[in-house]
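Contents: one structure, followed by commentary.
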Amino acid sequence: MKNGPLFLLGILAALLFSWAGIVLGSNAQLGALPAYYDANDSLSYPRRQPGIAAEGQIVYRELLCSSCHTQQVRRPDFGSDVARGWGERQSVARDYIYQAAVQLGASRNGPDLTNLAGRKPSAPDAADLMNLLYAGQGGMPAYRFLFETRRIVGQESAAALRLTGSLRPRPGCQVVPTRRAQELVAYLLSLNTTYDYPESKPAPAQNPEQK
Amino acid sequence: MTSANPQANPNDETPVEATGRCPIVLLLAFSLAWLLVSGTLAFIAGVQAHTPAFMAGCPILTYGHTRALQDTAFTYGWIANCGLALVTWILGRLGGHPLRAANWMGVGALFWNIAVAAGMVGIATGSATALTSLQIPGHIQPLMLAAYASIAVAGVLAWCGRSRPSLYAAQWYGVALLFLFPWIFSVAQVMLVWAPVHGVLQAIVEGWYAQSLWTLWMAPIALAGAYYVVPRVTGRVIPGYDLALLGFWSLIFIGGWTGGRHLIGGPVPAWIPTIAIVASVLLLPHYIIVLLNLGGAFTRNPADREGGRSLAFISFGLAAYVLGGAVDSVTGIRSVAAAIQFTWFDEAQRQLAVYGGVTMMLFGTLYYALPRLAGRAWASASLARGHLILSCIGIVLLVVGTAGAGIVQGSDLSTAGVSFAAIATDVHPWLSVGSVAHATLLLGNILLAINFAMTVGCGRLRAAAEALSS
Amino acid sequence: MSVPDHKDPRPEGAPMNDGELLEAHEKLLGRQPDDRAKYRLLPLVMLFVLSGCVLFAATYLNRYSGHFDRSIFNENLLPTGSGPVDLKPDPIALGRRMFNSGGACYSCHQPNGQGIPGAYPPLAGSEWVNGAGARVVRIVLDGLQGPVHVGGKTFGAAVMPAFGSSGFNWSDEQIAGVLSYVRQEWGNKSKPISTDEVAKIRALTADHKAWSEADLLGVK
């Protein structure tokens, strides 16, 4: 190997090869993936997030929640995702087309959040999530800095947390979520994949071996 | 302390040291500083992993932040600085001429480290990108690219102006990594930060970047050093050298294709993980060839104690690197992936590769290079031995502890009835082993930093004294 | 920490210098593979390893590629047929959504299909739901008024609105979906209702007012 330019060209070609194959190849397939229009509902799916939820996604990213939580449900015969009630179907590419920063996540020190707001039989509500963020639970640390402890002036705030036991603030005080906490919770409550796309439940196609 | 000026070793002093000493040693000093930062953060993250309340009240050091900061300090602080310094040194020596553009290198080193520090501040204050291996905020990334170019120009010039037309294996890897990083880094920047692609494509590009960074940049850094040091110390040519070419090109051509390996079962078309699995199997010959070529590191001459130390680090790194490659292809198989995906096992694999493999080989190269750069032997042999022992123990503990946690977590996760609180209890002992391992590694690296400071600093002090007295 | 002068002055033994290193390996790369018997076996073994890997890789790729289709997420499946994936939504999924959507079925009959005792009749195990398709289709299309007997109890207080007309205007497909859903949910095991069946009955009963139990019992 003596020819410098040829060597460089080879390296460039090698990189372009994998880039074209993986990045451009998938971009050609998924880059313009449209929403799915359902004529029966006269709506297209996935639905766009409300504004405050989009703000909340930024908080989710800033706090790097994705280091413990995934946002991808695997199909029923692949792991226990569906059995744990994280979703009723596998996540598909179309679920993510409106997300500004897709955070599939790579580790599950905590539960999957893909379908947090659409869980059956009971999805958590805002108060549950606020309490969880404030108090922590099991392997999840408390995120106290997303809350403020304030003196009650006049009436107690409607947003104040209903805390019990040792977490209850001093008399005359209340724990109020900051704007960031409200955005984060709004984002978490916007996470659902309850709509079934045609490709998320593919018809049991012929097995290649039986062909 | 006797005089040990560079002229004392006429057999191994080249013009490269005379011209490039300052910037190279500067890069090495930065790299060791980052190694200590990363080690401290790794310890904090390790404790947080099993005791979530640890420092949870500090918004800068939430678990997510600690992990991202640690990864950034390690990759862009430690590996980048040390790797670029040693690769430039090797390219310079094999080029056979004085190092050109050494000043560019020094300036680049300064700006690179300013950029990494600014990036760390950005991550801590909440501007992280949340992309694997690319957490540094977008607005700092162009500065890193410019600084990298400025550092790399010396290595590229040494390669262009080499005195012999033929290229040795260390030069293939060295030149390739110098060019490949800016390419993959800028592609990732454009496609993920400046003009983000849509939907799950982000995850695909992210996977491609993270895997390319590993196979096309970190692994070549380690291999360039090992391919240079092993024959130099053993005095024997590389066995099966004609296969080395195959080993090189298979890594470069196939490496990037492993990008989908973390997307198995995920919301991407099935062919993407399938190709990644195929690619990691096709990389197996690369690992076999590297093991064959560098196997000489396992046999060392007891008379050559310092060379033997380099080889001890490199042989450990080599074993970890090859083992990591084998584990990668096994865990790619979908049924295995289903059981251990999203668990600590993944982290164990990563630590085996980037710490056990790359970092240990870098240590070996560093132990070989610094005496030549500083013009004197390492200040303390016992500190170096302590570093070796602590590193080996630390890595074994770290990988075993984390992998054990991963296997326990994987089997718990696959049983739908096991709650997360129960999983946290189950993995607690294994993760405690992990944080002990992080402490051990940090201790070892402190020894290295002290030894480095003594070796370089004493020489500096003496030179200053001589300059004053003359 | 001193370096005695009488020892090798080099920081480490350097048995091979840079020039020798380059020269020796340059020669190695240039020579023919078989001019020294020592390494002859190595390439052969590597060839076997390499072909083994390539064979595995090719087989795996062939088996699990999903034909590189963008809508195949399960590697065991292949794209259906030759045309694009059938874009018709699953009627049961559609029905579940209709049942649970804005104030329609679930608010009276409850998400568990049990209704409210004394006010709204249950759907789970109901002889009407599981009975003749022609009757349930009519109930949903045009509504139901007056007392009705379900499972031995009488419900008479409430009125079931017409979903085929008035404010709801559900399509044949939606009505078929929701009926298929309630006929197979909560332990019900009746046959689904097809869109064609709904369309036929809608044509037959155009402009019909809400049904009563007696009228329905006359429908066969």
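Going in written order, the chains are labelled A, B and C, and every chain counts its residues from 1.
Criterion: contacts are C-beta pairs under 8 Å (C-beta built on N, C-alpha and C of every residue); 3 or more make two chains touch, one makes a residue touch a chain.
This one's a predicted model, so the numbers in the text were calculated from it and none came from an experiment.
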item	value
From chain B, the most remote chain by mean C-alpha position	C
Contact-richer chain pair [A-B vs A-C]	A-B
Separation of mean Cα positions, chain C and chain B [Å, integer]	42
Chain A and chain B, separation of their C-alpha mean positions in angstrom	31
Whole-Å separation of chain centres (CA-atom averages), chain A against chain C	19
Of all residues in chain A, the ones touching two or more other chains	1, 29-30, 33, 75, 90, 92-93
Where chain B touches two or more other chains, by residue	166, 245, 267-269, 275, 334
Per-residue multi-chain contacts in chain C, two or more chains	29, 70-74, 77
List of chain A residues in touch with chain B within their complex	1-2, 4, 7-8, 10-12, 14-15, 17-19, 21-23, 26-27, 29-33, 61-68, 70, 72, 74-75, 78-80, 83-84, 90-111, 136-145
Complex interface listing, chain C residues touching chain B	1-5, 9-19, 21-26, 28-29, 31, 33, 39, 42-43, 46, 49-50, 53-54, 56-57, 60-61, 64-66, 68-75, 77
List of chain C residues in touch with chain A within their complex	29, 63, 70-74, 76-80, 85-90, 93-94, 97-98, 101, 171, 173-174, 177
Parts of chain B lying in touch with chain C, wherever the complex brings them together	1-2, 4, 8-12, 14, 93-94, 96, 164, 166, 168-169, 228, 231-243, 245-246, 267-271, 273-275, 277-279, 281-282, 284-285, 288-289, 292, 301, 303-304, 306-307, 310, 334, 368, 371-372, 375-377, 379-380
Of all residues in chain A, those that touch chain C in their complex	1, 29-30, 33, 36, 38, 40-41, 75, 90, 92-93, 194-196, 198-208
